[in-house]
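Beneath this line is the structure, given in structure tokens, with notes to follow.
Chains here go by letter, A, B, C, D and E, matching the order in which they are written, and residues are numbered from 1 within each.
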Amino acid sequence: EEVLRLRLNGDINTLDPISTTNFTIRNAAYLMYDTLFALDSNYEVQPQMAEGYTLSDDGRVYTITLRDGLMFHDGSPVTGADVVASIQRWGKVDGLGKILFSKLQSIEAPDDKTVVLTMNEPWGQVIPALGKISSNVPVIMPASQAANDPSEAVANPIGSGPYKLLPDEWVPGSIAVFEKFGDYVPRDEPADMAAGGKVAHFDRVELVYIPDTATAIDALIAGEIDWIEEVPADMLAFFEGADSAKPIAARQSGNSMQLVVNHLNPPFDDPKIRHALQWAVEQKPFLQAAYGNATDRYLECAAVFFCDTPYATDANTERVLNRDVDKAKALLEEAGYDGTPVVLMHVTDIPAHDAYYSVLKPMLEEAGFVVDDQPSDWATVATRRASKEPVADGGWNLFFTGWGFVDQSNPMTNVYVAGDCDNGWFGWACSEELQELRKQFAEAEDPEVKKALAEKMQILTHDLVSYVPLGQSFPSQGIATNLEGFIESPVPFFWEVQRTQ
Amino acid sequence: MLGYVLGRLLAAIPIFILVAIFIFSLVHLTPGDPAVLLAGDNANPQQVEKIRERLHLDEPLIVQFGIWAGNALQFDLGESIYSNKPVTQLIAQRIEPTFVLAAVTLFLTVAIAVPLGVIAAWRANGWIDRGIMAFAVLGFSVPVFVIAYLLVYFFAVSLRWFPVQGYKPLSNGLLTTLHSVTLPSIALALVFAALIARVTRAAMLEALSENFTRTARAKGLGTFRILVIHALKSAGIPVITVIGIGFATLVGGVVVTESVFNIPGIGRLTVDAITRRDYPVVQGVILFFSALLILINLLIDLSYALFDPRVKG
Amino acid sequence: MTSRAPVADPVLDVRNLSLEFADRDKVTFALDAVSFSVGEGEIVSLVGESGCGKSVTAMTIMGLLPKHGARVTSGSALLRGRDLLQTSEREMRRIRGDRIGMIFQDPMTSLNPVHTVGMQISETIRKHRRVSRRAAEKRALEMLDLVRIPDAASRLRAYPHELSGGMRQRVMIAMALACDPELLIADEPTTALDVTVQAQVLDLIADLRRDIGMSVVLITHDLGVVAGVADRMMVMYAGRIVEQGPTEKLFADPAHGYTAGLMRSLPGVNARMHDELREIPGSVPRLDRKIEGCVFAPRCEFSSQSCLAPLPRAQERAQGHWTRCIHADAVCEAMSDNDIVRAWA
Amino acid sequence: MSVYDQVSATRGRHGGRISAAAGYLAANPATAICFGVLLIFVLMAVFAPLIAGDPVKIDPAERLTGPSASAHWGRDHLGRDVFARAVYGSRMSLLVGFSVAAIATVFGVAIGIYAGMSRVGGAIAMRLVDAMMAIPAILLAIAFAALMDAGILTVIIAISIPEIPRMVRLVRSVVLGVRQQPYVAAAISIGTGGLPLVWRHILPNTLGPVLVQATYACASAIITSAVLSFLGVGTSPEVPSWGGMMADARSFFRIHPELMVYPGVLLSLLVLVVNVLGDRLSDALDPRKMVRGSV
Amino acid sequence: MTGYLVLDNVGKTYTLKPSKIGGAVRHVHAVDGVSLEVARGETLGLVGESGCGKSTLAKLIMHLEVPTGGRVVIDGVDHSRLRGPALKQARRNFQMIFQDPQASLNPRMKARAIIGEILGNYGKASSQRVDELAALVGLGDFHLDRYPHQLSGGQCQRIGIARAIALDPGLIIADEPVSALDVSIQAQILNLIGRLRQQLDLTMVFISHDLSVVSHVADRVAVMYLGRIVEIGRTESLFRNPRHPYTRMLLEAVPQPTPAKRHARAAVSGELPSPIDPPSGCHFRTRCAFAGDECSSKVPVLRPADSPHMVACHKAETIASSLNMNVA
């Protein structure tokens, strides 16, 4: 029996990628779910479960046909009704999905093999939205499960992907086990990132949760596991002299780190003080703290939509990229900063975060901020960051988080350019202009126009300071040397991969 | 005998109630709103409110306690906020590794500590004694995670004798399981053995200074017989008692070792639940451990009868 | 005292035994030239106050002194001619419990509480005799009968705590006698017992001596006990035997200041009520330095300057009656009107 | 009187134990060394600013560099001075150790004496103590430290809470023993009662074992606080602590083992020294321990 | 009632926790309906074997234990009704000398503090008085600066005595004050107690298991057996002419350093029964040669044999005649 053992960055508590944007769950969900469309390595959308689709001449009606032989893990066939229900559920929570549904006239399944989407007006993002590679991924599940409230995770998830969850062997906090789904029919095309044939070569896939990264790497080298999602730069040295495993730089899955600013609470309710914050910090020490001398692993970058991407630009990045304590002080003075302490919810249980907070505090203090460093764990911060209350009542000022390349590089999914005020992501930066820009972007077809809109978004965002970018990194994955066929992709996939004989 | 056991179990009830109240208030009076945590990144206040209702977090504490205690009596410890699974199921899933780890540790400990303690007492104040006691104090003084890392480094990473981490369930065969828990058990046993070796030595010294030891010597008995048949058996009670007390310490060690060695036992479950603010699990697990300790102490009391006829029913 | 044995062909002959305890910075001269012997079938008693060295003497003979700290500086202890002090621990284990039986003061704690009485007796037998478990148990039963334990068969399976103090002491005796020892050393066998029980136990020892014919060293601090059962007695004070002789002789003709002091300080039934007792002033000397002269001199009403000079040889006053007192005659004279002395005279 | 009693009588059974203990310690080179080491730790903690540089200043550019003039033991993953952190770390350990010992002693003695002297109140107190003892100490500490706001006070309280019941039990059992002593009956019969009885007769004769237990509580508190830091529920990671240093270092254990070794050795040494002193103290207070029979 | 100390049907029952797993709760009637009087200036000796309740009785008199029945009246005052300061005031009138001299002194207090404590408790602290007391019991002032462990047993007992007489109490209970002492020291202490008794006109209860000691100090003697007084009478009368078979057995059993006793000891029979579950009726009947049916069903009460000599025995008369025959 061939077993593939994977160590993702976190544990999974559900396998419902609609109920959460959690990347670990997204990655795990790809094992068992399939999607209608998928991105290939050129970031082009290709049919996956869909045989193909036709677009009506007025550009409003998409008729999608399903492939033959699609089957859920419980043995029932995948029908158009299932697809409709799944997409409707996704549309209730996903950012892009919400926009799609706002333009949708109807979605129905005239028969078991067909799904018809009728738009109010032509909109070029329909197929890209359905082929979205990252959270929330519009996976297809049985209609009965798709009827669930999207905020609540499906209890016994059933997918139609190449691997099938074994719920009895799932021990949350420790291990989740999948077995090869014998009735899965892969596409004939060769695998190409998320697209193409998904051939399962292993009988069993185990997601082993090993919280301690050092232990995980040791386990990888000792052959106890086959793959690690992320190897911290410092630990690359573990692999020296080891022939059983190697690190691979995951160029495609770059990450960016951000300092998120709460616009509701003083002192950062004042734009001037937010600008002072920008002057007060610089990226390099953070990056060094996290990646040390591994300079090939990171990039100083202030582009809202990632560097080295179509929408990358350096417009309005002066305050972000340069540190000037005097300017910061001047701005604070000008704004009449009264010494309101900046509460740092210092996350101690994630090493990179811990390092970031440690770096941030002296920077802020040097620039004249009063800092109140409150040690905490990530779970607490994850709780507390949702609070819109004043600091004294459990609210907050700043926290660190990271987003991946796929999400950030797309203006439609980048949370910091939404300007959605109270309905937006944590920090609740508010800008009607940004909201308007996003609308225009969704409708724009011309790449040049899009590019211009993106640049405008960046300028506005850096002025608004919904966050302070702290650079971009290219984490490594660790992989057993006896694996071949590993697909390079921003989201890790485990079809195609097999053990060398 | 049966009456005594029942009596003891009855007597444990108020203690248990106190424990329950204690744990409940500890968990509920501390900051951090589990409902918000559960709701996730993109939840709106209505959703949070709904969750709060579902978990009765909107009721007064007393009512919450009543609901919780009432359910607990029916072995329903609620559902994990994190994984939405019944706490009892989570615990049940994880009993095996913890049990195996504890059992192997206990075996190793007794096998190491009791002979050491006996020898140290026999050679009291000599070099052997000092050596053993130095080991014992050292075992006390080095945190279990340091020992654990050293063991991993030498025996798993360098020598590759044992796995670095993880637990192989008994379904893979006893030997595989034992192989997978050897290192963590040794790490734990070293600390635990230090305690028990000391107490064994002290109890043996006590027994050896008793008049009946003098009698045994006056009868011309050999060293082994005096040490083992006479002294050790009467030193049994303090040794057994400290093994019982040590269990509480062992639980602490288990929490740490399970984390270091990534063993999916109850200790790991506990730490994870605490950092995740998974209140039902925290409550359930601590309650479980307390019940276990109370039970173990009862067993220990009963086992006194093995060593001392004066307490036999 | 001389090294000549007061009895011919003794079972036990202790000669010139000196012993010190060294403990870090402190030395205790616990025994100083102790000599005595025990004849065949004789009950010899060792009397003296707490701490005078009675137990240490017994433990030295048995080879049961702590390995560290105790040091025999001179002397020998011959069991039928064989020096126990030169015997290896291995050999001593064969002798203990077999040729010498010993019972201790405190029957409550001298039996192992976690083993049955039967096991503890038959264990001794099996250690020294190559017999089956069954045979050993049979012998244990006989021994319990011998020491007059009622319903012996069922008592074999009893634990010590299920027996009364007197019964426990009788079990101890049964255990000590299980292998027919030549010598029984009884270290204060009745001190922890009530008078009525004490009487029973003493009777038992006397009877067994008669029936079995063993020799007994009886250690006690109670002159009454000595008077009751001992053939000969040794009076010990501060690590030395100050006077020894046949019991009648010694009571009738005490010839040491300490013996005299003891007899006079006893509140007897015959003594007149509320009279002042004759005190022995002062208290027992510390043993942390060697005393050359008479150890009792500082408390002795008969003492003179010459008592402080190095100790004279022990004098034999009558057949087998030895004293270390240079004022023996004066003592004798002064004691002639003592109640106790008169009762024996 | 047994041989032991006599020896203890000549040695002094109870009285003047402290001075006797002091003498005993002085006569013991190993003990003196331990005292010396402890003293060094204390001095290190007190005079940390004079000995070492800034323990919290980070310097990411210099991270994980080896020993240098400015950082004798090199720098950690944030470029902080390991030596400085180690020196300042002794503050945390000593503070936690001594505070816990003090808190456990004060509360333990107060409650323990009450429980030992009062029948009804004692029974109630003991039920509470039983309940607390039924919760594994470290779980209680982890839960408490994790659920409250992190900070040194939280850590001290978290570790003290499970430590107190142990002390209460000990004190109570000793008090029950002392109460049976004839000198207590004597004191009552001469009209001493209430607080003076406790203060003059009960308390002083309880202190010996309490002192020993306090040293053990101190040692185990130091370890527990390290474990808490290690599990990430201890004090702020900025506050230098040995446990925290080891937790930080575990990722680098394979490449920079010294990052774990320095604080590990210091921690173990301190705990060792405290443990040994506790042992010696208990030996010194127990005359029986000085003469031991051998088989 | 005329006595200085009057015990009226005093009893004390202890409840024992089960000593075994699953055992039952048991009761010990440590003191069982004891009535007696001690006149002012008189010394009552109390003898009996271990566990018969002597110390318990002492504690009851000292109000260190609360009786489960009956009354203790000292100098007309029933202390069981007193509480707090009143009790404290009353306490100065009765004091105790303890069996184990060293254990009855707080090991952490110097002799001076120990004697001074009682004075301080009643607002009479005075170092002069302490010195006086020390001199009275034959201690030098250098002894006062020592801890108990630095003093010998006899010296400790002197301190205990000094403490007991510090406030001129009317009543002293001496619970085996010499049994832990060496023979040669015993006489010193007995003499001291005797002297003080005369000088201070003390009323005293003197407890001992040693008949010869009791006979030496007591005016009257009470014999206890398993919680009950079985015989009480003037010392000579009781020793010369014991009426209760137990008293006889005791007297026979005492080893005497006289040849008369040598081989003529009356057989002592039977085992001492456990106080937890004593025989019914007369507790002694299991060891008594004269026991009849009556003895197992009826508890004998103290009745005059020849006044003031009282005995609690159904067969006292029978025994008396047989005894006379024997002696004759």
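Please note the rule applied: a residue touches a chain if its C-beta (ideal position, glycine included) is under 8 Å from a C-beta of that chain, and two chains touch if they have at least 3 such contacts.
Note that this is a predicted model, so its numbers are computed, not measured.
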{"item": "Chain whose mean Cα position lies farthest from subunit E", "value": "A"}
{"item": "Comparison of B-D and A-B by number of C-beta pairs in contact, larger one", "value": "B-D"}
{"item": "Geometric centre distance via CA averages, subunit D-subunit C, whole Å", "value": "50"}
{"item": "Inter-chain centre distance, subunit A versus subunit E - centres from mean C-alpha coordinates, in Å", "value": "90"}
{"item": "Centre-to-centre distance between subunit E and subunit C (centres being mean Cα positions), rounded to whole Å", "value": "31"}
{"item": "Per-residue multi-chain contacts in subunit D, two or more chains", "value": "2, 146, 149, 232-233, 250, 253-254, 292-294"}
{"item": "Junction residues of subunit C, two or more chains touched", "value": "50, 68, 106"}
{"item": "For subunit B, residues contacting two or more additional chains", "value": "31-32, 125, 157, 211, 214, 217, 259, 275, 277, 310"}
{"item": "Interfacial residue positions of subunit B with respect to subunit A in the complex", "value": "31-34, 36-37, 39-43, 47-48, 80, 82-85, 90, 93-94, 152, 156-157, 160, 163-166, 259-262, 264, 268-269, 272, 275-277"}
{"item": "Subunit C-facing residues of subunit E, complex", "value": "49-50, 152, 154-155, 182-188, 190-191, 194, 209, 211-213, 215-217, 235-236, 239, 249-250, 252-262, 265, 267-268, 271-272, 274"}
{"item": "Interfacial residue positions of subunit D with respect to subunit B in the complex", "value": "2, 4, 127-128, 130-140, 142-144, 146-149, 219, 223-224, 226-227, 230-233, 243, 246, 250, 253-254, 260, 264, 267-269, 271-272, 275-276, 279, 288-289, 292-295"}
{"item": "Complex contacts: residues of subunit B adjacent to subunit C", "value": "125, 210-212, 214-222, 225, 229-230, 233-234, 236, 307-310"}
{"item": "Parts of subunit C lying in touch with subunit E, wherever the complex brings them together", "value": "49-50, 164-167, 194-200, 202-203, 221-228, 248, 251, 261-263, 265-271, 273-281, 283-284, 299, 340, 343-344"}
